[in-house]
Amino acid sequence: MTNHWIDYQHSDVIMAIGVNTAENHPMSMRWIDRARERGAKLISIDPRLTRTAAVADIWLPLRPGTDIALLGGLINYTFTNKLYQREYILNYTNASYILDPSYSFADGVFSGLADDTYNRDTWKYDLDRDGNPRKDLTLENPRCVFQVMKAHYARYDADTVCNIVGCNLQDFQLVAKTFCATGAPDKAGNILYAMGITQSTHGSQNVRGTAVLQLLLGNIGIPGGGVNAQRGEANVQGSTDMAMLFHILPGYLNMPQAMTHPTLADYNAKETPASSYWSNKPKFLVSLLKAWWGKMATGDNEFCYNWIPKLDGKNRSHIAIFESMAKGQIQGMFVWGQNPAVGGPQAELERKALENLDWMVAVDLFETETASFWRRPKVDSETIKTEVFLLPAAASYEKDGSVSNSGRWIQWRHKAVQPPEDAKSDLWIADQLYKAIRYHYSLGGVFPDPILGLNWDYGQGEEEPDIEKVALEINGYETGSLKPLENFTKLADDGSTACGCWIYSGYYNDLEVPPTKRRIREQKGIGIHAEWAFAWPLNRRILYNRCASDPAGKPWNPKTPLIYWEGGEWQLKDVPDFAWKDTPPEKTAQSPFIMLPELQARLFSPGMADGPFPEHYEPAESPVRNALSPQQNNPAITWWQGLGELASKEEFPYIGTTYRVSEHWQSGIMTRNSPWLGEMAPEMFVEISVELGEKLGISNSSQVLVSTRRGEIKAVAYVTRRLKPMMVGNKLVEIVGMPWHWGYRGLFPGDSANVLTPHVGDPNTTIPEYKAFLCNIRRA
Amino acid sequence: MKVTRREFFKLTGLAALTAAVVGCDWDEDPILSQPLTDAKEVTTICPYCSCGCGAICYVANGKLVSVSGDPDHPINEGALCSKGASLLNLNTVYNFRTHNAEINPNRLTKVLYRAPYSKVWEEKNWRWAMDKIAKRVKETRDASFEAQADGVTVNRTMAIAHLGSAALDNEENYLLAKLMRSLGIVNLDHHARL
Amino acid sequence: MANVVLVDTQKCMACRGCQVACKDWNRLPAGATKFRGNYTNPPTLQAHTWNHVVFTETDKGRWLFASYSCMHCTDAACINVCPVGAVQRTKSGTVWPDGDKCIGCGLCVQHCPFHVPQVSKATNKMGKCTGCAERVSQGLRPACVTTCPNGALLYGERGEMMQLAKDRVDALRRQGFSEASIYGDLEMHGLGRIYVLTEIPSAYGLPETPGYNASAWIWQLARRPLGTLTSIGLFSGLVVGFLRWRGERIQHKDNYSI
Amino acid sequence: MKAEPKAPILPLLRQILDVQRYYRDIVIAELPLTRKTWDIQNYILECERILFSPRLFREICIRLASLMTSHIPETDFISLIFNLEDSTLEALATTVQCCLEPDLVEAMGITVRELRLHKLCPLDPSVLAEFFLAAIVPFYIAYAYQQAPKGDWQQGWCPVCGQYPVNGYNRPGDGRRILGCWMCETEWIHSRLTCPICSSSQEGQLMLFLEEDSNRRIQVCDTCGYYLKITDCTQAQTGCDLQLENAATVFLDILAQRKGYRPASHPQRFTREMR
C-alpha cells in the first residue's frame, strides 16, 4: 500500500476494483464509513453483487479479466475532459519526456516483440547530447509521453469499453464522472485493489493501469489517495519483504544470475543504477552477506558472494516448481504453513506432481490437504513413495514475532499461551532443523562451507531461540561494536555493518523500547499514528509524500496538510520521502519519486515485461475475440507445458471465476476446522445467474458438475439475481462464480475450485489466472 | 472512644474516612479468604487478513480465556470481524459433552510421520524427526549439488523446493530464507505469488 | 421502559459476527447444515441457533441483510399460548423460555408470527433467544451487540433507540432510500428488537402485520382451570398428541420459504 | 454496572458523596470560572489555585460532621468546627494545594497536628485529616468540572490536580481505559497496557481478581509495585461511578496490599521530578 488503512478516512471517492473489501477486509469498512460520513462515495467494480457492492454507493458489473479496458476508458475520459491535474503531472511524472522515435505501437503489440518476449531497447526516451532525456514542458510535442498516451487511450472510447466490459453506458459514465472528479487538487481519490485484478495474465498491467490513472488525477502521495493493495494474509507483506520468492533476496535485491553476475563486481556494476536511492545497493548486499556469513564474509572472498546460489535465468515460481516436479526433477520439498493442494492452480496436476517427491516436510497447525495428498480420495496410498514429515506448529498468539500488515506497519505479537503439547514455534523448528543439518554436514558432505559458515547462534540445545537476536540481525548492527544501527542510512559496503533486510532497518534499533513494539496513539493529527509500531521504510506512513504539496510547497488540500513549506522551513507530519534537509521546495519539486532513475513517476514505464503502457488483452481462455486489437492474448505470456490445450468456447461456453467468502480464509484449513464458521458456510457452491439456471434446467440448491479442460468438480448451485448475463459485443455471456476454500480435509470437506483453474500466469510475476477461464456446468 | 484507623491498610478518599468511622474490621469477612486468580492481558495481531487488527488475549493461569479486540489499537479500536471473534477456537474450543473448555481437537499436537507406501500416520518425537529430515536433506543436496555451471560458480541444488509462508512472522521467514539459500535452494517461493 | 436492540440493516455488512458471538456466549453447538441456495445458514432459527443473519435478494437487484432473532414482543404470542406457562417475561423485559417447565408441545412454535421458537428434537424443549437476560440483569449488553464491528447492532433504552432510529431513517431518506422505515414500533404493541429498514418489511422476510389468531386466545381460557388442577396425567398427554398432529398440519402449510 | 453493596461502609459513603456533589454546584454558582484551554506541562493546579471560601468550607465541615454523628453518636465534634477561625481553615486549604509531601493524607495529618486540632475532638489525627480532605473535595470537583481537558491525556496522573488514580474502568463499547481521579473526579483516557504510574509497557499486563466477580480486577505493575482497581464495563450498558466503585471494592484494596502492592494515592517518593 502507498498509504494505510486509517488514511481511507480522508478519501473523497473510493474505488474498489477487483477487491471485495467488506467480505475479505471487513475492518476497512470502518474507515470507509468514516469517509462516507463526510460525504465520500464508495464505488464497487465486481462481476457479482458482493456484500461490498450491496453497501456501496455505486456498483458497476464488469466481465472478469477486462479491468484494463475499464481503466483505459477512465484514462481516456480523464484526457478528453481535461480532468488531469496538469501541474502535478508536469512536475512529478515523466509526462513531458520525449520518446525515442524507435518506440511504436501497432495492432495491439509494442515495438521489439520477438516471439514471446519483448526486447525493450526501443522503449526509451530521446536523449540529448549529454544523456538527459529531452522534455517538452508544454506537453504539445506529439512524441512526448503525454500525447503518445492520449493517442494510445483514444481507442478506449466509452462505447468500445462498454462493449468489452459488458456494462451499460450510464453506469460507466456515472463511475467515470464520480471518480475522475478527484482530479481536482483538493480532492482525494483512492483506489483499492486485490486479487480481482492481480490474478490475470495481464495482472501487473492491471495494477499499472490503476497507478497511471491515479497519477493523472494527482492522487499519489496525498492523504486519502494512493494505490492501496489490500493483501490477503497477516504477513504476506512481511514474507515478500523477507524474499521468500525465487527471484529476490531480502530487501528486494535481485538474485544473482549465473550468466550476468558471475562476480560481486559484475553484480554491483549491472544492478546499481546511477541515480535514485538504489544507487546504495552495494551497501545493502554487502550488509546482507555480513549478516548471513558474519566473520567468514571478508573483502577478499567477495563477502562470500559466491555462496549464494545463482539462478539459471529460468523462471522458478510456484507454477514452474510444480511443472518441474511433475517431470520428476525435484526430490525433496518443504511446505511451511501453506496449502498448495487447494490454493495452487490446476490443483489435480499439482497433487499428482507431489507424488514424484521422495520426501516432504510439512509444517502447519492442522492436517492440510497438501500434507495428506497421499491419502486423498480416489488415490491408492500404497502406490505413493513419498515420505512425509508433518510437524505441529504454534498459532499466532502462541509465539513471539512481528508481522507486517498491508499498510507496511511492522507490529509485534506477544506470546500469550504455550502451544499445545508438542507443537512448537516455527522459529524453534527452523533453529532445530539448521542445527541437525549442521551436525550432519560437520561429518563431511558436498561443499558444506556455506552451511557451516552461517552466522547462526540464537539458542543452545533445545531451548526456544532468542527472537531478539534475530530481530537485531534484521535491523542491522555494526560488526565491530554489535551496536544496533539507527536506520539504513548508516549502512556501508566495506563490511563494517551487517543488516538482514535493509528496508526493515530501524524497526528494532533500541532494545529498551523497540519501535515495532511502540503503542502510543496519536493525540492530534490526521491519523498518521507515527508512534504506533514501525512502518518500513524509516517509519514513513504515506509514500511519495512530497507530492502532497505543489512544487512551491503549498499543500494541495489545506484541510489535510501532510508535508508543506511554511515560514521558511518544511512542516513535517510524516517522515519525508525526499531529501528535505534545508532544501527549498523548488529544488525538490523535480524529484519526488526517489526510487526511480528519472526521480519522477513513470506514466511510460520501460521496466515492464509486457509493454510500457497497459493495453487490454483477453484472458488466456475467453469466449470472445479482442475487440480493440487483433492481438488476442498478452503476447509476453509463457505457455507452460502442464497447461495442455486451451479450452474452446464451443465446448466450455461460460466464464469461470474464483473468489472468497468472509466466513472462510484462504484454503479454509483454519476456518473449516471451526464448527461455527463451517456451519455458516458448510459446502462448496457455485453461483450462476437466473437466466443460465433456466436455460440449463438447474434449480436453486441442486447438485451440479462444473468442468473445464483441467478437471471436474461437484458443487451445489446457487441460482441468484446478483449475477447477470453480460452483453459483450452482440453476444450474451454467462459467468459461473466459485469460492475456492474447500478441500478434502477439515470438518467441512468439499471439492476444490482450483482443480479447474489454468497453469498460466502473468509475464512479470507468473501469478496464475484464477479470475477468468472457460468452464461448463451441467446438472449432476 | 478514640476512633483509630487500622494502620496497615491504606485506603483512599471517602473509603478511608468511612472505613475509619464505621470501623468495620475485615478479618472475618468471607470474601477476603477467597484465593486471587491471576490473569494476563497480552496483545497480539489477528492472523487472518492483512488489516493487522490488534487483539488482547486474556490468559488465566496458563489457559486462554478469551480473545477480544484491542481498544487502544488505532486500526480496529476494539472491534473484530466474525473470523477475528472466533480467534479463540484456534487454541480452545468448548466441549458440549464435558461442558468445559479444551484444546481444539483438530490441532496437530504430535510430530507425524508417514513411511513410504504406508497408509497411516505414525507419531514420532522431535529429535528423531529432525535427525531424519537432516539426513534426507543431506542426501538429496549432495546428490544434486552443482558447484559450477559452464564456468561460473553457481553452488545450487535444483532438487529441493521450499514453499515458505505468509502466515509466518518476519523473523521466522528471515531465518528460513537464510537457511534455504545457504543450502543452495533456488526453487523457493510462497503464496504471495498465488 | 425496557431496553431494546436496534438493528440498522443499512450499516450491516453481513460479517455474521453476531451469529458467532451468540453461539459462543450461550454455548450452543453447531448443527450439520447444507448449502440451500442462499447464504443464510442455518436457514431458519433452531433450538440451538438463536440468532442468524438473513440474506434476501430483492427483484430490484438489491441484496439485503438483517440480523434476525427473537423480537421479545410486548404482546408475546408464545407467553399467552403456552399451556404450562413455560415462557416468562423477565424483569428486564425479555421473553425467556424456562427449560424445566417446557413440555415441548410446539404451540408457541405454531403461533409465533416470526417463526422464532423451535422445539429441539434431542431435548424436546423449546429453545430461543433469551435476550441475554442474565447479562442484561448484570448491566451488560447482549452478546451479539457487543461484537458488532461497525455499529449495526445497538442496545439501549427504548426512547433513545427510537430517536436514533428516526434520525437514521431521515438520513437514509435523504440519501434516496424512499422506502426507509422503522419496523417494531407498533407491531405486537412494540417489539423488543427495532429495525431500520431500507425496503418494505416483506422484502426482509418480516411479516407486514404480525399477529396471532384468536384460537390461541381461546386456548388460554381453556387451559387456565386445567392448569390450576395441575392434572398433568392422561388428559394433557391426550391433548399434546392431538396438538402435535394439528401442529404438523399447520406447520406444513405456511412453510418458511425463502 | 451496579456496585454490589458488599462493603458495609456504603450507606454513609453515599450520603457524603451526595453532600460533596451538592456543594460542588453551590461552589460553581458562587465562584464561577471561565473555561480556558490549557497547555498543560504536568497538571493544571501545579501553578494555579482553586477558588476557596472559608465560609462555604465551614458549612461543608458542619454538614459532614453532623452526618457522621448521625451514624456514630460518640464522634460529636460539631462544636469544635464552629469555633475554628477562618485562618485555620485557610491554612488547611493551602496545605492541600501547595504541599510538597506526595501523600496528601500525610500532609493534612501534619497540619492537623501542628494546629493541635485533634486534641479537641475524638477523632484520630489521620482520620481528622481525611475528614478535612473530604471537606475540601467539593472545591476541587467544582474546579475540575469547569477546567478538565477533554479526550486523551495519555499521562498517568490527573491532568487537573496531579494525583495518581486509584481506580478506573474499561468504558462500554470499545473498552478503552478510563482512569478517574479520587480527589477531583476528573476522568481521562489512558492506554490500556501501560502502567499509569511508571508508564512501563510490560509484555503482558498482570491482573488479579476473585473468581466470583471476574469483571473487577486489580491491575498490578511489578516494576513499580503499585496497583490499580479496574472494573471491566466493555460489555456493560453504562460506565460506573468511580467513587462508588472505589468504596465497593475495598476488599480488593486489602487483598492487593496483603500481596505487597501499594495504592497509587499513597506514593512513597515522587515518581515525577516536577513537584
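Every chain is named by a letter (A, B, C and D) in the order it is written, and numbering of its residues begins at 1.
Methods note: a residue touches a chain if its C-beta (ideal position, glycine included) is under 8 Å from a C-beta of that chain, and two chains touch if they have at least 3 such contacts.
Every value quoted in this text rests on a predicted model; they were computed, and no experiment measured them.
In terms of C-beta pairs in contact, the better-connected of the chain pairs C-D and B-D is B-D. Centroids built from CA atoms put chain D at 47 Å from chain C. Averaged C-alpha coordinates give centres for chain B and chain C that are 39 Å from one another. Chain A and chain C, compared by their mean Cα positions, are separated by 45 Å. In chain B, the residues that reach two or more other chains under the touch definition are 40, 42-43, 59, 72, 76-77, 79, 81-82, 86. Multi-chain contact residues, meaning those touching two or more other chains, occur in chain A at positions 26-27, 30, 414, 416, 519, 521, 662-663, 675-677, 680.
Annotation for chain D: residues touching 2 or more other chains are 191, 193, 203-204, 234.
Because contacts link each chain to all the remaining chains, their graph is best described as complete. Those residues of chain C lying in contact with chain D across their complex are 3, 135-136, 138-141, 143, 146, 155-156. In the complex of the two chains, the chain C residues touching chain A come out as 10-11, 13-16, 19-20, 23-24, 29-39, 41-42, 57, 59, 61-65, 149-150.
Taken together, the chain D residues at the contact with chain A in this complex read 151-152, 154, 191, 193-194, 201, 203-204.
Interface residues of chain C, counted against chain B in their complex, comprise 15-17, 19-21, 24, 27, 29, 147-150.
Residues of chain D touching chain C in their complex: 1-2, 172, 233-238.
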